Amino acid sequence: MKKFINDVAQVENEMILGLVKAYPQYLRKLDCGNVVVRSDRKENKVALISGGGSGHEPAHAGYVGTGMLDAAVAGAVFTSPTPDQVYEGIKAIAGDAGVLMVIKNYTGDVMNFEMAAEMAEADGILVKQVVVNDDVAVKDSLYTVGRRGVAGTVFVHKIAGAAAEKGEDIHKVQAVAQKVIDNVRTMGAAIRPCMVPAAGKPGFELAEDEMEVGIGIHGEPGTHREKIRPADEIVDLLLEKILADIDYSESEVAVMVNGAGSTPLMELFIINNRVSDVLKEKGISVYKTYVGEYMTSIEMEGFSISLLKLDAELKSLLDEKADTPAFKA
Amino acid sequence: MKKFINDVAQVENEMILGLVKAYPQYLRKLDCGNVVVRSDRKENKVALISGGGSGHEPAHAGYVGTGMLDAAVAGAVFTSPTPDQVYEGIKAIAGDAGVLMVIKNYTGDVMNFEMAAEMAEADGILVKQVVVNDDVAVKDSLYTVGRRGVAGTVFVHKIAGAAAEKGEDIHKVQAVAQKVIDNVRTMGAAIRPCMVPAAGKPGFELAEDEMEVGIGIHGEPGTHREKIRPADEIVDLLLEKILADIDYSESEVAVMVNGAGSTPLMELFIINNRVSDVLKEKGISVYKTYVGEYMTSIEMEGFSISLLKLDAELKSLLDEKADTPAFKA
Amino acid sequence: MNKENIILAIDKMTDAMESQKEFLTELDIVIGDGDHGINMARGFGEIKKKRDLLTVMDAADIIKNVGMILVATVGGASGPLYGTAFMKAGTFLKGKEELSFQDFLEAFQSAIEGVMARGKAVEGEKTMLDAMLPAKRAMEKEWQLTGDVKKSVEAGLAAAKEGVEYTKTIIATKGRASYLGERSIGHQDPGATSFTFLLEAIASQM
Amino acid sequence: MNKENIILAIDKMTDAMESQKEFLTELDIVIGDGDHGINMARGFGEIKKKRDLLTVMDAADIIKNVGMILVATVGGASGPLYGTAFMKAGTFLKGKEELSFQDFLEAFQSAIEGVMARGKAVEGEKTMLDAMLPAKRAMEKEWQLTGDVKKSVEAGLAAAKEGVEYTKTIIATKGRASYLGERSIGHQDPGATSFTFLLEAIASQM
């Protein structure tokens, strides 16, 4: 395994330390575990907490700062953080206005965050939650765990974060977060896998002419495998699924072309070139585009496209100031 | 060659189109070739132009915007743009205050930009230049082409851009750009090569236990090859060379930990953890840190460390507002 | 089973999670995210570190605290689930110093209920429950028939292993493997597998 | 050499740059950035596209315009250098319809001076100059000795090829290969190699 690391057992710790040392103006690490909070804590606002396994950098700690998250909790690579870690995060940021947990829809994440909320509620802290489930690769069925939460989560952080920063109450912040969730859809594909450092093996293997379609963000295989195709055709394939899921016709959208970790920006822009053309053709107008690495899977080579359907409220919150290490607006 | 592209011959064009379509609020593409200029052109200021081969995304077009560049010219992958392209860029942004060209020190870049300047000067446009040469991996000798320009260039864009935005005259802007160049040093290493799409082959090959030290940003081999080591030791190796080149003792620095294209952010933060510790040990205080992909080599897996020695003027210009697709302050 | 047996069983679990770490991780690489063995080994590694603290507690508290340590260190889906299982069993056994096989069966039932509630899962979804529930049923049945602890435990172990085999034949509808849909068929569930190792450790002390 | 010969020579150059594209790129991968063949093929590809425009010009203008197209399309180091070479030669030949071998030699001298000025390079730095300068000297020498065009051209070609071999033995001090220091030894210079192909094309028309 060829990586710029020192010790597989220290990857998460050293990463969080390196992050906090890079951005002390934004971030402070709690003493107990990999919990990062805003260094300029703002009082009297709803506090947002999110997190998940490590390996999604810059998510989630990179989004801690003005107008986004108040705390981020980082578990081991691709492993949800434990309830006590989340609980410490909640305690560090909780005020009278309450705490909103932004959870990505994974069994582990949901259970661990919910247990943390139970602990915090026992202390009298007001805790609400939203569960992001934007990945249209996975069927949303009553009989399964439902869709996964992937890159669309960053829009939830941004928009709910803006509402909280403006001083909205917890019901409003939760409602607007839920509105984002209801209106954002994502799908991705990859041509090279990633590996959990401690495992030392990739999550799947692909031949030189194969790609994995419908990937998640934990290095797991996607929903199916295909022959690789030109970038434009892959974009068309993903957009078709996304556009079929909710009615985007004649709407305005925010677009996120998210790199999975090792996809060169050059390719992400080539991808966006097609995304932009297809949306134009379909009469969907692009309000804002974000191209870059927002929710990664360590060194996976792949990308996802997210479309967030906007209304006036979401647009204005998207435009609000955000100032965090990895997202500035 | 496994890449998210459509046609090797269209890589540069589609990339620039995708970029401009993502950020119309910042960027506009000229009709003639891959030249990108600010969409909200500001008059009565020194105009900055930079560029080079493609493959360094987000450089250089990603730095076009308020407080940084006014135009960026993109050649073919790793190939300096031609004089006429640069000339078109200069003409599009030139005002009475003149144009400063920020050139990275490569024979091709210098010659092509200089020929463009000759053409522009023939039109009566005032053109000055600075040549960035921050790479300490390469000996700076009178008998060679000297050091290469690498990631430190981004600091030149930021700081000279801020001076220009403030309305400083061309001599002042050139002087401050030169001050950055005199005070910034960079060195890098890689564990996986990249390839020019049109070539379809990597620039070098490495065994599973090897790394290339002293890499440039054009996929070329570095100054030497070594057995790979833990991240901390690689950092020590690079910092030693950088710190030996100019006297950083007791100074304040800006740090850039730059990913070469496919290095996971996780690893860049692990790297910064060590950079930060070593500087602290040596009594060098870190004013600001930038961790991310600023000057890439397509999909190379590697990184560079840049240290910019600061004084009061550089600090205040570094803090000035910048608003571009890839750099916001 | 007395306190000593419980401590020994936990030691055996710790050893098993360490020695099966790679195997369980490999299973999770195929249909999950490649961390199950790492997660379980981390949790039981912490239990090993806290062994001295645990051994001074009474039987029920040891079990409950094992659960709390698992919740606090394993993470992922398996952390809250196994953690809840041990915590529920410990709570159920409160006050008991010597555990009869009937106590064990009832504590196990309580653990399973905890897992089902926490995981919102039922049998046949390709999870640890597909080893737990058959094991529980087989032990109960053999116990009612023969009243023989050894036989009952063996029946349970066999049923858990069968359950693991069964997970190969079904589509996952809970946990990460569910994202694979049809592609999850043919592969055994990591959590069902780890449960079988844990049950083996318990069995050795009965 | 008349205008027809010049057009034919340029056609041959175009063919050579197309057919040697990969070879030249491979050479540049080893000690440069892997684009020299691509760059040259792009430039001459553009010349091919503009062939109809070129053929209506007079000899000197054709050469000068080839230089301008190269400058405008090749990029990198080789674009301005080869571009300057052709532009200088074209400028030198201004007004001439029929070129004597002496004219050719003097135009070549002018081209070389252009490259040296633009590239701030001299012989022995592992660049195209290490093929150009020996070729020029050998041709001049043979021409003075024998007055035989064919022989002179052959001597020039042989010297250029030797120059390419020579570049294998030296450290680069100009161009990208210079960053490799000692590691550049053992590899031939891509620009010296491409020059040899261009000279072959010219030789075929003398």
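In order of appearance the chains are A, B, C and D, and numbering begins at 1 in each one.
To be clear about the criterion, a residue touches a chain if its C-beta (ideal position, glycine included) is under 8 Å from a C-beta of that chain, and two chains touch if they have at least 3 such contacts.
Bear in mind the structure is a predicted one, so any value in this text is a computation, not a measurement.
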For chain A and chain D, chains touching each: B
Farthest chain relative to chain D (centres taken as mean CA coordinates): C
Length of the line joining the C-alpha centres of chain B and chain D, rounded to whole Å: 32
Cα-centroid distance, chain C relative to chain D, in whole angstrom: 76
Whole-Å gap separating chain B and chain C, where each centre is the average of the chain's CA atoms: 55
Interface hub residues of chain B, defined as touching at least two other chains: none
Contact graph of the chains (line, ring, star, complete, other): line
Those chain pairs that satisfy the touch definition: A-B, A-C, B-D
Chain D residues within the chain B interface of the complex: 25-26, 29, 31-35, 38-39, 42, 71-81, 118-119, 173-176, 178-181, 183
In the complex, chain B residues that touch chain D: 53, 75-84, 106-108, 111-112, 115, 137-139, 143-145, 148, 195-196, 198-199, 201-203, 216, 218-221, 223-224
Footprint of chain A on chain B - complex, ascending: 2-7, 11, 14-19, 21-23, 54-55, 57-58, 62, 191-192, 194, 208-209, 228, 230-232, 234, 255, 257, 261-274, 276-277, 286, 289-291, 293, 296, 298-299, 301, 303, 328
